[in-house]
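Quick one: structure below, then a few questions.
Chain nomenclature is as follows: A, B, C and D, assigned in order of appearance, with residue numbering initiated at 1 for each chain independently.
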């Protein structure tokens, strides 16, 4: 496959009445954006705001983050979801790099998911560095939670495609080319390089806990091999809402950090032979089946090494350990990425290390680490959710109005695909 | 509890049905037992046979206390 | 303003004398001696040594409350920022005293530095809060130990970061969440590459150094041995007089069985985790007193210990298990018990 | 259907005890997202008593309690969200039933 990413670097965003990019300034057609989202008659109202890096703005509760893009060919959207199924991963895509659609929509009252654009909070989320077009979606009354989630999910995808139209004729700052041939071709080219696979675990457990591949609910598949570029090209979307710190947003699927960094090594130190989904189910029998099958698939494909990334905290920890054990038992070397819970003061013993096989683990942070969020000048979203943030324990609101929150609540803070910079060090 | 007691230099036998747990709690002398609700018994046996079974398990455990070990060791029947 | 440093030494390193002076009552002296003097020698303007507490190791061991009260009083008077105890190398009594002194200082909010050998029994009593430099096991290595401790004092006083690897101290076990230079994905790729190339790498979630206990020596003569019974199966006298909880107990109990030949009829289980019917017919099915008593009568063992110990729970998830074990083990040791049978359900 | 009077943790302890006494652990005792771990409600599916006890299931049941404790040590209840938590727990339970149905229909269980 050959994927060309034409990058248009965005340095500022303004609201206006036309979609365009001039000198790195993205103008968004607000009425057009609203209309694009309101094609769904289950959307009652849409509000659009901008949040820029450094502004004292808090966005909460974030549902999803999506990168606005444009494709010249027929599949300008998310195949299998907002457009007809078509294979992705080939061709050219124009990307508004540095801009992001951030959707707000509270399906349940306890939803968190905060992005602070400034201060301490900003350091812990990757989305304080993007120019965020914040789309607040109110659905019509009377929807059940499932319908509500679908409405907000699709609205975000449509909004990103609409804003992406600005990339159609924009001047391209840089083009990145990604190319990987068939496994036979690459192996012929690099016969001496170790074969490496990337196993991506995804939450697949029900409402607000789902992931979709070409629109297919991952609950319904057995682990499957796919091309890394398909994910980089809109084939994977997130339906996760309540694992703010360690869910993979759609934006992070479009820009999967592990895929990028493995590709960087392709042909140099490794032969990167692809990605595998391993859905995280709720039943133990389902977990055993998927983890076994996942290890078998890696073995069958001849992998020498595998990176396994987790999504979520709690029951997926069991999958991670099971996959690791099974791979190591087959003689395949693993490196794992997971977050941990070592308590407020970092003195609780996190659990992943109870598997003797888990010898190489990257910790993407302690979900219970407490950080201070200063009072915001402006809150985009739902004040109630801001209160939920503040209600987690006694004494978490200071006199000056600043909040103490756990990283739990911060979007992408402990990304287990290694998208951010948090780690844990022993003292 | 096993480790802490052994740390006083007193040999201790863990008599348990799930021996993987015995190992994870750090027992050095382990005697596998019958079943969780009746580790040292078996209600399906006639009383006399059940007692013999129990006596043999206890005897095995006591003998384990008098046996030198270097590492976690299971004393099977 | 300079940070104040207070030292703690035993009678030997404090220059009072050897074993014959081990009862030496604690004293505070403004003038430094021995290792304290050596560490303070290189202090810059930002550090000020306020003096040294010298205390006999036996005094600390036998009159610990008095020793602690004295140390607390000196700390209150001198208001140090940093408390430096030892180095104690592998000296057990000195290690305990250093750990105890550090506890007092730590409770007063003072930063504690010490130095010990990894097997010093005092280490586990202060490792979690004090910065304990890794020293050799004998005082002959004093010259290597002192710079490590001095380095810790300087860095901690200046608020600089110290790490177990760079600064050679025993990790306190605190896992601090920080932001680092490389994002997680790069670190993961590098870690895998290192593994594939058989190069060294450092995992970010290390395996706990499994706390294994050396197997205790076997009983040499069973016929003279006192054997105790214990269980996590929740066995109690009928009526559960001490109200042992049915799961994840917060307590342990002991019951006198010296006049019983079997548990049947008088004991039952309160454990909520298994079907109690079989045990309640005959509690010996969970705690085999009848068989052990018969062995005693047959002279196979010397004696069944007069009490059995009971709690509920299965170990790993019971945070209290460790505490229970320590308490029960202490009693058993003091009672001269030679071996224990612990049954779990 | 067994109702445990008490907290999420009480459910985990009950599940642990049942698994130790031979019940099959059908669904994992924990949720997949940290936020749901603050729910006061939790539905876990266990099976009938089976012949042997699965050490792997026991370990999962035990470790779930530790993971839960690590995460929730300092949290206080937010009763205003009880309704939402109850509904989410119910919906995720229904999704688990569907998953079991899929496993059943392919004769995995």
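The rule is simple: contacts are C-beta pairs under 8 Å (C-beta built on N, C-alpha and C of every residue); 3 or more make two chains touch, one makes a residue touch a chain.
It should be emphasised that the depicted structure is a prediction, and the values quoted were computed from it without experimental measurement.
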item	value
Pair joined by more contacting C-beta pairs (A-D or B-D)	A-D
Per Cα centroids, the chain farthest from subunit D	C
Centroid distance [mean C-alpha coordinates] between subunit D and subunit A, Å	26
Geometric centre distance via CA averages, subunit D-subunit B, whole Å	31
Rounded Å distance, subunit C centre to subunit D centre (Cα mean)	35
Chain centre separation in whole Å, for subunit B relative to subunit A (CA means)	50
Sites on subunit B at which at least two other chains make contact	17, 21, 24, 36-37
Residue numbers of subunit A (touch at least two other chains)	342, 349-350
Junction residues of subunit D - those touching two or more other chains	20-21, 63, 66, 69
Interchain pairs in contact, sorted by label	A-C, A-D, B-C, B-D, C-D
Interfacial residue positions of subunit D with respect to subunit C in the complex	13-14, 16-18, 20-21, 62-63, 65-66, 69
Subunit C partner contacts - residues on subunit A that touch it in the complex	123-124, 194, 196, 257-258, 260-262, 264-265, 269-270, 304-307, 309, 333-338, 340, 342, 345-347, 349-350, 352-353, 356, 358-366, 369, 407, 415-427
Complex contact set, residues of subunit A against subunit D	108-112, 145-146, 203, 205-209, 219-220, 240, 242-247, 280-287, 289, 311-318, 341-344, 348-351, 354, 367-368, 388, 391-394, 408-409
Contact set on subunit C toward subunit D in their complex	247-248, 272-275, 314, 316-317, 319, 345
Subunit D - residues contacting subunit A, complex	25-38, 45, 57, 60, 63-64, 66-67, 69-71, 73-76, 78, 80-81, 83-85, 87-88, 91-92, 94-96, 98-100, 102-103, 108-109
